[in-house]
Amino acid sequence: MAELEKIEASDRVYSLNLGPQHPSTHGVLRIVLDLDGEYIIKADPVIGYGHRGHEKMGENRPYKQFLPNTSRMDYLSGMLFNHGFVLAVEKLVGIKVPERAKYIRVIASELNRISSHLLWFGTYLMDLGGFTPFLYAFDDREQILDILDSITGSRLTYSYCRFGGVSRDVDLKFIEMTRAFLKRMEKRWADYDSLVTKNVIFIHRTRDVGVIDRELARQYGVTGPNLRACGVAFDVRRSEPYEVYDRLDFEIPTGTKGDALDRYDVRFKEMQQSCRIIDQALDQLPEGEFLTPKVPQKLGPPKGEVYTAFESARGLTAYYMVSDGSPGPYRCHIRVPSFGNLNALNDVLPGTLVADAISILGSIDVVIPEIDR
Amino acid sequence: MGYFKDIIDGGLSLIEGMGVTARRLFQPLITVQYPRKKIPLSSAYRGHIELKIFEETGTHKCIVCLNCEKTCPSGVIRVQGEKQKEKGPKTLTGYVIDFSKCSLCGLCVEICPTSTLEYSREYELVGDTGADCVFDLMLRLAKQVEQREEKKKTQGIAA
Amino acid sequence: MKIHDIEARMRGKFGDLPLKRDETGVTGASWSIAVPIGDLRDAATEFNAAGFFLESITALDFEDTFELVYHFNCFEPGSRAVVRVLCGHDQVPPSICDIFRGAAWLEREVHDFFGITFSGNVDMRALLLPEDADYYPLRKTFGKVGAYHKREVIYG
Amino acid sequence: MSEGLLGSEWFRLILGLLIVLAFSQLNALFLVWLERKVAGHLQLRPGPMEVGPHGLLQTIADGVKLVGKELILPFKADRKLFFLAPVMVFMPVLVGFLVLPFSRGLIIRDMNVGVLLVFAFSTITVLAILTGGWASNNKYALLGAVRSVAQNVAYEIPLLLAVLSVVLVVHSLSFAKIVEYQKTVWFIFLQPLAGLIYLIAATAETNRAPFDIPEAESELVAGFHTEYSGMGFGLFFLAEYTNMFIVCAVATSLFFGGWNGLFGISLGIPGVFWFLLKTYFLIFVIMWVRWTFPRVRFDQLMNFSWKVMIPLSLANIVITAIVVKII
């Protein structure tokens, strides 16, 4: 680093404007890089291009009308964000959810998590220059979208969860499709292993690249797979189990070094664990109601506040809502995981190459509209 | 001999990867040439909303309660009603949606007390201007009723 | 459990009175503590030393005051704690960005939305809003809002 | 082209030039189509289908579109160099055709320094890329140009060393003689290591994935040709595919027996078909590789070149020289 500082004083340093329109910035992110040759001296991510004011929107409408907004923040895990919001409101108002609905939500959420990770897998490989895995991943993702489409009627912004259940019951066809998908994926993991995980070029591009260690992760509030990659088995599904996660048997995959390869491994294994969760949840899926009929149209929550954390595909996400007793929240804040994950780049990028910067950016899996809200 | 082992292992991993892609060369294609072939829609598909025609009455059951208009998060729906008699229920005179603002959440369909709203199964909705996204559901309903009657007629002749 | 250690230390430092336990679990945190604005950095330092990470910073706009809400968590089950700081509309809270590096952006976000300037945070550029934004959208005086309450209306 | 027809040297040259120009363009168009088809089928999709049968005319349609587009000169760019670069990248590629041995007697000029000529001229491509990247006045383009030069140093040496081991055996730089030598046994069987190194280095020479680091679309947007529009971009594109044909044709001549059939069995098929068959197969392999692997980082390519390819090719040359001396 001392050497780098010396160079900084010289006029060899030039700045490169990476984004907002750039093939690998996943949404509209701009990073102003100070470069010496191809080495990065300083990185300053500039965000906010996709700011839509979701928090303000939340404040000036009833809880129910904020539902469709939730899946538009992190559009890749719309179901999870939807789910989390419903959890928060149910906790605030005190609505009981039928068992069957809980299971359906978990299944749908985990399917969504796999689809989000699959998309990350594809785009990450594309960032590294491999185009084909992207399309294979999209092939699999398409199966999930079809499954979710069959119950929610939508492929991306689901708006599926309702206060006290879900909007539509699952049928036998859904269960059949999901089982077929799980079976299909068993073979696909091996293909992905041969095509990517074992590939020597891929390993060289990711090993020891962009190390986020435990301390750095804590400093920046990095959560989710990026945190687990450095060896911390912290998962909201385990630490504060919601719905039926405490009844399901699954592992929390962790890495050791916290480099891009570890992050890749963790996400890859997470997809397999999600498959396990879905399999068990399908086995345990009880009969019964999918929606509590007693939920009033106009919610009248007590005064106070609620903070509900859940594990989205990118990490710890939380809804913080303050209620003044009216049908809409007085303040609605959303803690998004990508915020901290991207923030850590300030410290991770300096000293790396531009090529590695792309690899790192891809490996931390940010969804910019989620940060911008 | 780690040097040569690394090279050979690396080379083999590359060949393994090429095997995966080569196998795909002989697998059937998964894409659909869209305008020529189409995939069946999901039964839960949520398009824009439409007034449902009930068999027994041959028309919709809207009572102009304005629940849909009030519950819509994006302010898409405009409903107009008129009282036919001094003391009586309102009847629907206009139902217009601005689809360009719709977020397809489905809250209006769920809240409708008479279940007279349903999802359209149209998805090829292209327009040149924003005005093309404004649908007059009454007009659409009238057209549908017409089509139905024609169908009935032709079926009747055939029978 | 780190959460019990830090609770004991907080009680030692600020007394029992400002610390509120939450038995219902609705607030998502084991307890919350109201800290005077001058002691915010001390509290944050304690949390940092105990190995907590900063989950979120946000503010609430009331008619009489702002309230800053800091959520801390550590990598153990159910270990969330809340630090609440009352900050008058004209007060300048201290920045904790040198204690938690991730706080810099979170404070910038709060500055964006509420116009609260944090002393000690050198980088107060707009984060999510355009550079030339001269409004604070999450203040209750901006745009369409339902109500503008005093703090006691909600928190008693 | 029988010997009798070629009375005049000039006639032969002009005819050759015309054929080369026509062939190189058509070939490039075909290769672009092939690339898209190969990519498509590797990815379980059909590729271009709309223009012509199986999209065969798609690239022609694209070409027409490119010709019709405006050539945009970036702000403060070096005007002369900017427009010179695409021409410079295409010229040396044409020269390569002069010495390619399509079949016995079907060589425009069988020079005794043919091999040298191809590699000498192909190096100009790097200069053209550097010129284009520099003249664009764009940081991405400049980075791409710089990478290209760095990459050039890394792959040219093993490329030539691999070729040298073949030349050592034949004692000639003439393509015709090298191909004649492989009448029964191809050099890929005698010199498998050199053949492999040549193919790897040749992939890098043509800036193809996994060595497409000067372009690196996910990192440098489009690298050295970021700022080129219309036919400026088109020429870079055509040159890339023509270049690919040339390196594969050279590989066919040097290692895969040129116009000869396998182990001298020609099955009555004319030599030129053998030649083209093998060349297009090699091109297919290069495409297949591109659509399978992620991109390497440029320092990794250098490491690979200096630590693996150069020592191995040097060792290969030494062993070859000793064996040749003993025999």
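Details
Labels for the chains are A, B, C and D, by order of writing; each one numbers its residues from 1.
Methods note: a contact is a pair of C-beta atoms (placed from the backbone, for glycine too) under 8 Å apart; a residue touches a chain by one contact, two chains touch by 3 or more.
Please read these numbers as outputs of a predicted model, since none were measured by experiment.
Counting only chains that touch, the fewest steps needed to get from chain C to chain D is 2. Distances between chain centres, each the mean of the C-alpha atoms, put D farthest from chain B. Counting C-beta pairs in contact across A-B and across A-C gives the higher total for A-C.
Per-chain Cα centroids separate chain A from chain B by 27 Å. Note on chain placement: the centre of chain A and the centre of chain C lie 25 Å apart, centres being C-alpha means. With each centre defined as the average position of its C-alpha atoms, the distance from chain A to chain D rounds to 43 Å. Work out the mean CA point of chain B and of chain D, and you get 51 Å between them. Counting partner chains per residue, chain B has residues 14, 17, 20-21, 24, 30 touching two or more of them. Multi-chain contact residues, meaning those touching two or more other chains, occur in chain D at positions 42-45, 291-293. Shared interface positions of chain A, defined as residues touching 2 or more other chains, are 132, 136, 139, 195-196, 199, 201.
If you check each pair of chains against the touch rule, the ones that pass are A-B, A-C, A-D, B-D.
Looking at the complex, you find that chain A touches chain B at residues 61, 64-69, 72, 132, 136, 139, 142, 146, 149-154, 157, 159, 162, 167-168, 191, 194-196, 198-201, 297. Per the touch definition, chain C reaches chain A in the complex via residues 25-29, 51-56, 58, 60-61, 69, 71, 73, 75-80, 82, 100-102, 104-106, 113, 126-130, 137-138, 142-147, 149, 153-156. In the complex of the two chains, the chain B residues touching chain D come out as 7, 14, 17-18, 20-22, 24-25, 27-31, 33. Taken in their complex, chain B has these residues touching chain A: 9-11, 13-14, 16-17, 19-21, 24, 30, 42-46, 71-73, 103-107, 110-111, 119. Against chain D, in their complex, chain A makes its touches with residues 14, 16, 22-24, 37-38, 125-132, 135-136, 139, 195-196, 199, 201-202, 204-205, 353-356, 358.
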